[in-house]
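You will see subunit A twice below: alongside subunit B first, and alongside subunit C after that.
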Partner chain A sequence: MKLLITLSLRNLFRQKRRNILLGIAIALGVTILVLANSFSQGISDIMFNKIMRWVTGQVTVRFNEKGRMNREIFRDKERVMALIKNTPGVLEADEGAGMFCRAIGNGKSDNIIIVGVNTSLEITEETKKELEDSFRLIEGGWKDLENPAINNPVIVSEEKARFLNVKKGDVIRVRFRNMFGQDQAARLTVSGIMKNDNIFMQPVVFLELRNAKLIFGYKPYETASLTLKVKDAVKNSAAIADSIHAKLKPGVAVIHALTARGDKSSVADVLGYRSDEESKKKLSALLKIKSGSVEAALKKDGVVIFNTLAGALKVKAGDEIKIGFARKFEETPAEKYLKVSAVAADNPELKGNVILVNDEKFYDIYYENLPKPAPEAFIPDKDGSWAGLVSPEWILLERTANTEEAKKKYIALGKKKWKGTTIDVSTMYETASDIMKLEGVLKLITLSAVMVLFFIILLGVVNTLRMTIRERTREIGTIRAIGMQKNDVRHIFILETFFLTLFASIAGIAAAYISMWLLSQITFKMSDNPMGMLLVNGHLYFLPTFTGIAGNVALIILIAVVTAYFPSRRAANLSPAKALGHFE
Partner chain B sequence: MSIIEIKGLKKDYPLGDTKVHALRGVDLSINEGDFMSIIGPSGSGKTTLLNIIGCIDFATEGSVMVGGHEITALNDRQITDIRLNKIGFIFQTFNLIPVLNIIENVEFPLLLMKKHSASEVRKRAEKLISEVGLSEFARHRPAELSGGQRQRVAIARALVTNPDIVLADEPTANLDSVTGDQILSLMREMNKIEKTTFVFSTHDQNVLKYANNITKIKDGRCATE
Partner chain C sequence: MCLNKLITAALINILFASALFAESRIAPILNSIDEIYKIKTDARADVMLTQQKPEQGTKVIKMIYYRRDSDDSFLIVMSEPENEKGNGYLRVGDNFWMYRKNTRTFQHINRDENIGGSDARSDDFETRKLSELYGPALGPDGKEIFSQEMLGQVPVNRFEVKALVNDVDYPKKIYWARRDNNLILKEESYSLSGTLMQTAYFLKYSIIDGRYLAVKHLYIDEFEKGNKTVVDISNVSTAKLENSIFTKAYLENLSK
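Moving on, here comes the complex of A and B:
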């Protein structure tokens, strides 16, 4: 092999001018390919790691109470957080809280998005640097957001501050409608100004997470969403999201309560029942009504108790009972009154002290007064008739693979009118898979254009090789006569093409890096232009990757070698006698 | 003892719609250690005969035994191995590999054999280069040598594998008479030193004095003198 490589390399340098010209053409193609791929990779990186990552997190867990899009709230943050934090690959997990607001500055008003930021969270140096690169502060500091002496300190973008005519120390008044639909107002104090080239990030106003939650109306144990940073996001995000999704399978929602009417009382387990049409049909068949009617039992405020409990409390349909239970996060117990719609005969699969409540009413009580977990509470057999009929703690939405599926899921969510809280686990790669598609399309366009270029170049390779073979016919005859096997002759020419392409590719990569450096030195002022989002600090951003470049070079070399194979084979198959008798 | 045994050898070349009968039934026997000359005018079939003996061309008909092998029955790989291990070639136009220097040119067949270590290859090549008197040009490229020197390199290359037979197709045709004489003297000397059979073609009557066995060939037929 060493002999073949020596011969190939020396022959390559023998026809310098011809090979240099061909090499320049290949190098030019490689330069364009690497440049274009690095640019599209850069766009993806900006979109995902410099925008989406801060907006949605690499993996996001979203909560929508009663399935309503604007009601982003989950009442037991720590429960989900505990599950997530133990998931392998999760580096950082934090709450997400954001709200669209109308802001009034000094004589001017505009829309802003208040985003809660947890400045006390322990973040890695890498995250800190990424944060500082993405949001460059020109006045104030992130720690100013924690200053208790300032009323709701915020950091606003330079452009928004200019538009609202505010400067550091000024007050911005905001109005917004919170997740429960209530109109709220607040006063924010500008404590920092940041510079951001991305027009879509300019309306963002950062407020310390605790302050943001307080303003928005969240209790400390509640959250709007959870955002995660994961290890090697591109590779692992989907798998980690799947793993979290699997951990979030809901149990049965149950309130272990003390129920009373007059001087009679009894322990009861309150369960919600699903109120969709299919479930109602099954319930109608299962409930043997003794007092009241099935219709009344299945109404949206329907409450069904069974014979045993009805007997203990001495109640019939139409009577009111009181339930009281300990709450998980509040010290005072909850007390609620339920009007019994129907009394049913005891069911062999349910305990006699069960109270069934229509899920619409049940979730109102359950979520607003999250009950303290009670291991002794009755839960129907998971394989029994009631398993699919009682309300779960929450509704876990199916995982989706791309933006299209995610859109369909959210459209369905709007139509479905879930009564419970929906939980959706997604990654930024699927919620914004269109960006990846865009990157893919850009790469495909570039590759197609460059392939056309390479096709032309490869015609040159074939022609050059044919010319070379013609010029070296007698030499081929000589080495075959001396005793070189056909395969080795073929390998010499293939190796020549391989080395030519390899050297040209290396030169092309070097030229691409130089071009990227030169292009990234140019400063663009595009803060008012959406195209500015493609810039980092006003400069073009390229992200060459080893695998991308290696893949491109491997493809080009493969094409060149395949192209060279046929003329090389022809050279190897020449009859030695004819080759030796060849005259130019 | 015959090292080459040819019987009823015919070779036809297609030329348009007709056939050229280059060899019309050659019977020839060459003994081990011979220094044999095949003489004849241009177009008489000398080169064709040498090419077939050298396994670089195929017979249309007849039998060709080289070193005990019937070469007409072998495939390309086996024939290439015979060329490498049993035969050395010296060409009229020297046919050195221009991108290799002199010592590399001489080493080339040994490297193809893949039987010897790098130091053995180098030692053997240096010995041959010394025997042909070109030690001081060992690192030169062929283009830097005269015609006579190049043919000396070709002789060294042909002998380096210690072949049974060396075939030389008009080795002096591109050389002046003085250099030609030197080359033939060298070949004769190497024939004695290395005990190798030499078969060379020529149309020059003056070179016959070097041969100990002469075959005349004319119109594709031959007669031994």
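Moving on, here comes the complex of A and C:
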């Protein structure tokens, strides 16, 4: 084999001019392929790691109360945070809070997005560098956001500051509708100005998370969403999201309360019942109404109590009862009034004193006054008739694999009219799988174009080999006559093509790197152009990867070798006698 | 032990609240407003919104509004501006659809959605009781914020209310209501942070089936100065409406 390699290399250098020209053509093709692939890989990296990473996190846990898209709130942040933080592979977990606002600067108004940023969160040096690269401060510093002497200090993009006609120290007034739809107004003080080439990130205004939550109307124990940074996101994010999803299976929502009417009181467990049509049918069959009606019991504000409790409190349908219970996060207990819609016969599966409330009304009470966990509270048997009929703590949405499925899920969410809080766990690769598709399409277009180019180049390879074989026919005859086998002759020619393609590819890769470096030195001023999002700090961004380049080179060598195989076989099959007698 | 404390605290609070409610001067006014405003029939009306914004000029939005009393369903069909003409909104029970004439499609939307490019939202057309949404606000002295004054030449009760539920536009409002019949003449709406966001004047009332209906309102945006909206309601009818009106097919046909 060593001899064959030596011979093929020697032959390669025998026809330098011809092979150099052919090599240049192959190198050019490789350069274009590597450049284009690195560019599309760069676009993906910008979209995921420089935009989506900051907007949604690599893995996101979203909460929507009453299934409403605008109502992003979960009332027990620490409970979910505790589950998430212990998940292997999670590097950082933080709250996400953002709101679209109308901003008024000095005589100018525009739309902005206030984003809460947790400056006290311990972040890795890598994250810090990513943050500083993505949002380059030209005035002020991140720590200014924590300054208690300034009223709502914010960092604004250079372009937005220019548009609103504000500078450091100026006040921006904002109005917005918060997650409940309430109008809110606030005054923000510009404490820093940042530069960002991505037009979609220019409306972003950073405000310290605590201040943001305060003006949005969140309590400290509530959150809008949770965003996670995970180890090796491309590889692990889906598995981590699956693991978090599995941990978020809801229990039954129950309020362990004191009920009272007049001077009568009793301890009871208030459960919500599902109000979808199927559940209502099952409830109609299960409830044996003694006072009131099934219709009234299943109405929006339906409240059903059972015979024993009704007897203890001396209530009938139409009467009002009070419930009081300890709250998890507030010191004062909650008190609510419920108008009894129906009294039903005791049910053997519902132990103790149970009050059933339509989930629409139940969740209003439950979420607004999250009850203190009570281990003694009654929960229906999970295998019994009531298990699927009582309201869960939240509704865990199914995991989805891509943007298409996620869209369908959210359309269905709009139609389903969930009364409870929905929880959705997703990765940025799933919610923005279209970006990956775009990258794939770009790569395919590039590959197709380069393949056309290579087809032309390969015609040159075939032609060169034919010429070489013709020129070396007598030489083939000689080496065959002195004992070289057919296979070895074939291998010499194939190896020649292999080495030619390999050297040309190496040169092509080097040329691609030089081209990438040169192209990335050019500064583009595109801050007002959407195409600016394809730039990093005003420069083109390429992300060559070892696997991508190795794959491309392997493909090109394979094609070249396959193309060279047939002329090589013809050369090997020449009869030594005929070859020796060949004369031109 | 903990439960006993809870019972005691709850009962004390409930008793206190009951006593407070009994002495309230605002609560009866809120109940009265609910009573005199509540239309207990089906209704149809032409609604015209004239929006003035300094940067955008004047925009007129016209729509026809149908309301069914039995289940609070409503249908809105846009007739102006031209680009909105034929579009509509239908709400039946928990379902709320937006119809787009150009694409002939219905889309599920939520009640936070703006109607026909105006600042009005679906929940502005819902009939929810004021007394269920708002309760008397208390001053630092623990007393209701209530006074009697003159609004121009009209003697009024001025009182402050705060939201009892989350899903209202404004967490705090101040009303000026006529002393003789509790009709609201002026309303100030405040944001969660206490900033005055909007002042509304109810300029003209009509009596429809023994109930008061404000047929001309003026809304002044106090946050973005210069923005104001005038609402005119006309051709009000309280005749019984066919059930077929509150269907997708009707909206589709009406938009043809």
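Here is the rule we go by: the second predicted complex is superposed on the first by the 582 of 584 C-alpha atoms of A that agree within 3 Å, B and C clash if a C-alpha of one lies under 4 Å from a C-alpha of the other, contacts with A are read in each partner's own complex, and residues count from 1 in each chain.
To be clear about the criterion, contacts are C-beta pairs under 8 Å (C-beta built on N, C-alpha and C of every residue); 3 or more make two chains touch, one makes a residue touch a chain.
From a predicted model like this one, the values you see are computed outputs, not experimental measurements.
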| task | Once the structures are superposed on A, label A:E475 by its partner contacts, choosing first (subunit B), second (subunit C), both or neither. | result | first
| field | Dominant contact partner of subunit A by residue count, subunit C or subunit B | value | C
| query | Once the shared chain is lined up, is A:R327 touching subunit B (first), subunit C (second), both, or neither of them? | reply | neither
| query | Is A:R136 touching the first partner subunit B, the second partner subunit C, both, or neither of them? | reply | neither
| query | In the superposed arrangement, does A:V267 touch subunit B (first), subunit C (second), both or neither? | reply | second
| said: If we overlay the two complexes on their shared chain A, which of subunit B and subunit C does A:G483 touch? Say first, second, both or neither. | reply: first
| message | For A:R14, using the defined touch cut-off, is the partner it touches subunit B, subunit C, both, or neither? Pick first, second, both or neither. | response | first
| query | Both subunit B and subunit C touch subunit A; at which residues? | reply | none
| Contact residues on subunit C for subunit A in the complex? | 2-3, 6-7, 9-11, 13-14, 17, 55, 94-95, 108-110, 112, 121, 123, 163, 165-171, 189, 191-193, 195, 197-198, 223-224
| query | Which bits of subunit A are touching subunit B when the two form their complex? | reply | 3, 7, 10-11, 14, 474-475, 477-486, 488, 575-577, 580
| remark: subunit A partner, complex, touching residues on subunit B are 51, 54, 56-57, 76-77, 80-81, 83-85, 89, 91, 93, 95, 97-100, 108-109, 111-113, 157, 161
| Residue numbers on subunit A that touch subunit C, as the complex places them | 68-70, 102, 104, 109, 173, 175, 177-178, 180-186, 215, 217, 258, 260, 265, 267, 322, 324-326, 332-333, 335, 364, 368, 411, 414-415, 417
